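Heads up, the next two complexes both have subunit A, just with different partners, subunit B and then subunit C.
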Partner chain A sequence: MRTYFNDLPKTALGASYWIFAVYLVLPLTLMTAMSFKDANFIAFPIGNWTLSWYAKVVQDKQFLEASLYSIGIALATTVSATIIGVWIALLVSAENIWGKAVIFALACLPAVVPGLINAISMRIFIRTVDIPTGTFAIILAHTVHAVPFVVIMVLTRLRSMPANLVDAARDLGADPFIAFLRVTIPYLMPALFGGMIFCVLTSIDDFVRTFFLGGYQPTLPMLIFAKVQGGMSPEINAMATIVLVVTTAIGIYAEHFTRRSRS
Partner chain B sequence: MQPVVHFKNVNKSYGALTAVDDLDLAIEPGQFVTLLGPSGCGKSTTLRMLGGFDSPTSGEIYLEGKPISHLPPNKRNVNIVFQDYALFPHLTVGRNIAFGLELKGMQHAAIHKRVTGLLSLVSLQDHAERMPAQLSGGQRQRVALMRALAPDPNVLLLDEPLSALDAKLRQQMQIELKSIQQKTGKTFIFVTHDQEEALTMSDVIVVMNKGRIEQMGGPDELYARPRSRFVADFIGQSNFLEGAVVSVSDGIAAVEWRGNVVHADVNGTSPVPGERATLALRPEALYCLSSKPEGRPALKGRVDQRVFKGAHTTLTVALENGSSLLVQIDPVALSHIEGDDVWVGWRDRDAVLLAN
Partner chain C sequence: MLDTTTQPRSVGLPTAPRYAGWIGRAASSGLYRNTIGLLVDSRRVRLAVLAGVPLLWIAMLHIGPILQMANISLLANYPPQPDKSSEYTLANYGLFFSDRLYFVPFVRSLVFAAVVTISTLVIVYPVAYYVAKVVQPKNRMRALLLLLIPFWAGELIRTFSVIMLLANRGALNVLLREFGFIDRPIPMLYTFFSLSFGVIYLLALYMLLPLYSAIEKIPTPLIQAAADLGAGPFQRFRRVILPLSKDGIVSGCSLVYLTAVGVFAAPLLLGGPNSVIFPEVIATLFHGSNDKWPEGAAFSMIMLVVSLTTVGLFMRIVGGRSVRLM
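Coming up: the complex of A and B.
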């Protein structure tokens, strides 16, 4: 017991971390717990437990459609953001490119511009160039937002790549394209994978941009938002819990994968 | 015989910096040729130009009589072993070696056979499925070598491939490299700054300095008959004596050096009496005696410093004429300790006159 008082700063740091952790996890735990409650209103005690809300959710056509829509948008965003991101990273890592710093700064800008500003400016932009609100506009906005993360991850990996690897491939008979495909891409794989997971998660998570640019078809966050406006219900809890479990699983898997390929 | 590689008046400059200066170099097939020189002498640039990773500013490079300066690396029948090996980290040892063969469109079975054969050449046949990260430095070195040999290049280029290995392993690899070169009969062009490495393996050494060839020849020739001060200093150790030519007869020049007349082989130069000249003298070519020898030239001095080096002992002898010479003697000789008076001399032909 004495050691606690002897090392007060350390104890205080440890304790405050645990307070933070509880603060982080408690709301999620409450939400998850409520999704199993066999009653229409959200309050303790739980009393009877049930899976009926989940049964209701997975049979909810709106929910399934919104989920599929969100996933579709996320995939399209990931593909376009990855291609653009890798291209910019290669451009910036090349030795003699004029305006390298400017290209890099512009590519990273969307990461620091507030989502709301980004959304409003995109809305004005698509109206100016006559793109209708809807799927394409959403993908456009999500891509712009996701590109910086791909660029930074790929660039970090590229900088650790020995320059001789591509030279060796060229030397052994590969033209520049084959060398890129068979040496650079495999080397970038961990960064690409991490970047893609990030794209998927930010796209699925995004509300503000989607809200400003979306059409009549709701994505998952928009659907949940609409439902919440009609009052909280255990069904929403169940929906949110499903989203939480799936995204956490993807995150843990990605972390595991990148850690393994790094060693 | 037609040279397998021919650099004709090749220049390479980066802005104001000249890396390779009017290089004219012909390499005979089947030889182990070493480009030797300090860093920045242009040896690596020369190799990279041959590999296709740099192009000459002017001049032309011929491979088996055909100009290749305009060809990209993948269109040249030469392969490089890189300094840091550059093995593909995501491919197994076997796939690394197969890389060049796959790109040539070779059949799967033939590739397998060739890879196995190459791996057994360096006793790594059990390691085909390993990843490069699981290999030791020496093993990676061997895999890199086999990967470069796999596509059957006319000329194999080696860019300081032994520099990352420890001293023991390096010596072992020197022998192994030489024997692989002899077994395959291919032309090896090896770049190094390590004179011992060059002397051990090469048929021909090309000493480079400031983008130019200083001297080219067999290891023994370069060692015994260096033509410039740079070569005499870079390969082995030398004493340098600067004086004025007195007379020349029968290929031996008499040179006045600090009040003494000393002799040296003219070494292909044409000295004119009265001109200044430098002669180079190997420490091991000097003899060191306790008393003035009869009928042999000798200079009087005193042992200033004695350093035991294992296989031999080196003495720094301060001569009466004010200069000092480095002398290498038998390590078991117990005489000539610090402060002893000694007589130092050499046979006329063991000293060489350097070109001015």
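Coming up: the complex of A and C.
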């Protein structure tokens, strides 16, 4: 490789990588730094440093309630999206189903429809079928959003599964359901885990769907959004930093896990 | 595990196999055995169990909402009121073309999404190439991970963090003033610049991953062969690397474009009065005091159809394979 590259393009490529990395990391670093500012407005330079914003956020009842609410919604979304996603993937991967390509395309539809349109159409839908805005509506919309990604991850894994694994289980006396539970599910585990982490993170992140479908109780992004609109103080930075650290930890753990199970 | 050790398998009438644990207890119950017997015997029942829930879900929640949105976009008023007619009309679509207030943000939105898509492609391509082809294979995952970490932060937090950099008393302005380049802060926030900056920041990952996986698949010997045959760096890029990474370019651009068209949180936090784009216009029709659902539904339909058509045409012209989502 080295001999075929003049040094100039290679250096330029390396520089572009590092500039891009700084571009990605810098705003979040600044945001974190600002959470330690000892003043009740956001401005550089930081001057005096303090931990008092964190003390305030940790004791903030609103923040704790919103966190628990968001986590609850994320868990419910994850369970329902995983069940539906696996079910659709099994249907699409079945051998003799007519119109498989169409089913797959429609299963992926919510992933290509712009998020705003998705949220609005769901808002219209729940009014048509008389579901009130609030927790259930949010979970429904988050699930619809997450299902295509679960389907794709599970399908990718299913395609690499030797067909005779299930056949062997059946020959040994397992009925279809037991074979699914004891053979297919364990084989799918890495994909399921990846899909679940994806569901949790997208649900906790989601803003636009919650904006249109939420009730009076705010989720974490809604709370942060309300605070930003109400006037910015480093309190928001402390809040956002806590969320950032937690979600990043989940992401890194998931990455670690999937890489270990792959090798 | 199948418990075959304690009980010799009987010949003749098949008996229920015995399993250990709660699965086993459930599996031995009569209700379960009858149900599963039905499943094994009849192909039709098997198909119904396999297809029922997925098809119902897709019909109800993937297609249903969009059909209902299309339906409402054609109504004269919604919800139906006793004193007004609720006939089908095209007036909601007509409103879009008759009022500059709606038309201009729409065009702005499409141009904005296109500019963001092209900028993201230009910024991310060399990065993806560097990670896929220049970095040693053993360091590749680490190099990629460094770029992925910021994307776990979430849409709203990343958008908010851009404010720290670009505000009047944000890091960039303070730094420039410190070094004496400027006397007063450059107003960067609440402009098109901050909006594009933020949206590229949000969506770069959707470009990075497809590009990376496409470029990684290009056999390095091909690039070397081109070099041996006398192609310079630019020619190698233009004639070998670019055509072979077309799939990645097409899926990356499609994903970024479709997301950028419907971006919602970023304009609320980073946009200003001069950068009103279409999603904000649509949202105001649903929220707040003016409850204009049919108009909002019609505008959403226009946006959906135009953005999907644009991406469809783009894929047809460039000729990549279908959009790969991951």
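By our rule, the second predicted complex is superposed on the first by the 257 of 263 C-alpha atoms of A that agree within 3 Å, B and C clash if a C-alpha of one lies under 4 Å from a C-alpha of the other, contacts with A are read in each partner's own complex, and residues count from 1 in each chain.
Convention: contacts are C-beta pairs under 8 Å (C-beta built on N, C-alpha and C of every residue); 3 or more make two chains touch, one makes a residue touch a chain.
Just so you know, these numbers come straight off a predicted model, no measurement behind them.
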Considering only touches as defined above, state whether A:247 meets subunit B (first), subunit C (second), both or neither. second
Identify which of subunit B and subunit C touches the larger number of residues of subunit A. C
Which superposed partner A:189 touches (first subunit B, second subunit C, both, neither): first
By the touch definition at the top of the document, which applies to A:98: first (subunit B), second (subunit C), both, or neither? neither
Just subunit B (first), just subunit C (second), both, or neither: which does A:216 touch? neither
Kindly classify A:34 by the partners it touches after superposition: subunit B alone (first), subunit C alone (second), both, or neither? second
Go through the superposed model and pick first if A:123 touches only subunit B, second if only subunit C, both, or neither. second
Of the partners subunit B and subunit C, which touch A:177 in the superposed model: first, second, both, neither? second
Considering only the contact definition stated at the top, list the common interface residues of subunit A for subunit B and subunit C. 172-175, 178, 182
Within their complex, subunit A touches subunit C through residues 1, 4-6, 9-10, 12-14, 16-17, 20-21, 23-28, 30-31, 34, 42-45, 84, 87-88, 90-91, 94, 97, 103, 106-125, 127-128, 140, 144, 147-149, 152-153, 156, 172-178, 181-182, 201, 204-208, 211-212, 221, 224-225, 228, 232, 236-237, 240, 243-244, 247-248, 250-252, 255, 259
Sites on subunit C touched by subunit A in the complex: 2, 17, 19, 23, 27, 36, 39-40, 46-47, 50-51, 53-55, 57-58, 61-66, 68-69, 72, 79, 123-124, 126-127, 129-131, 133-134, 141, 143, 145-158, 160-165, 167, 169-171, 174-175, 201, 204, 220, 223-224, 227-228, 233, 254, 258-259, 261-265, 268-269, 279, 282-283, 286-287, 293, 296-297, 300, 303-304, 307-308, 311, 323, 325-326
Per the touch rule above, subunit B residues touching subunit A in the complex are 51-53, 72-74, 78-80, 82-84, 86-91, 99-100, 103-104, 147-148, 151
Show which residues of subunit A lie in contact with subunit B when the two form their complex. 162, 164-165, 167-175, 178, 182-183, 186-187, 189
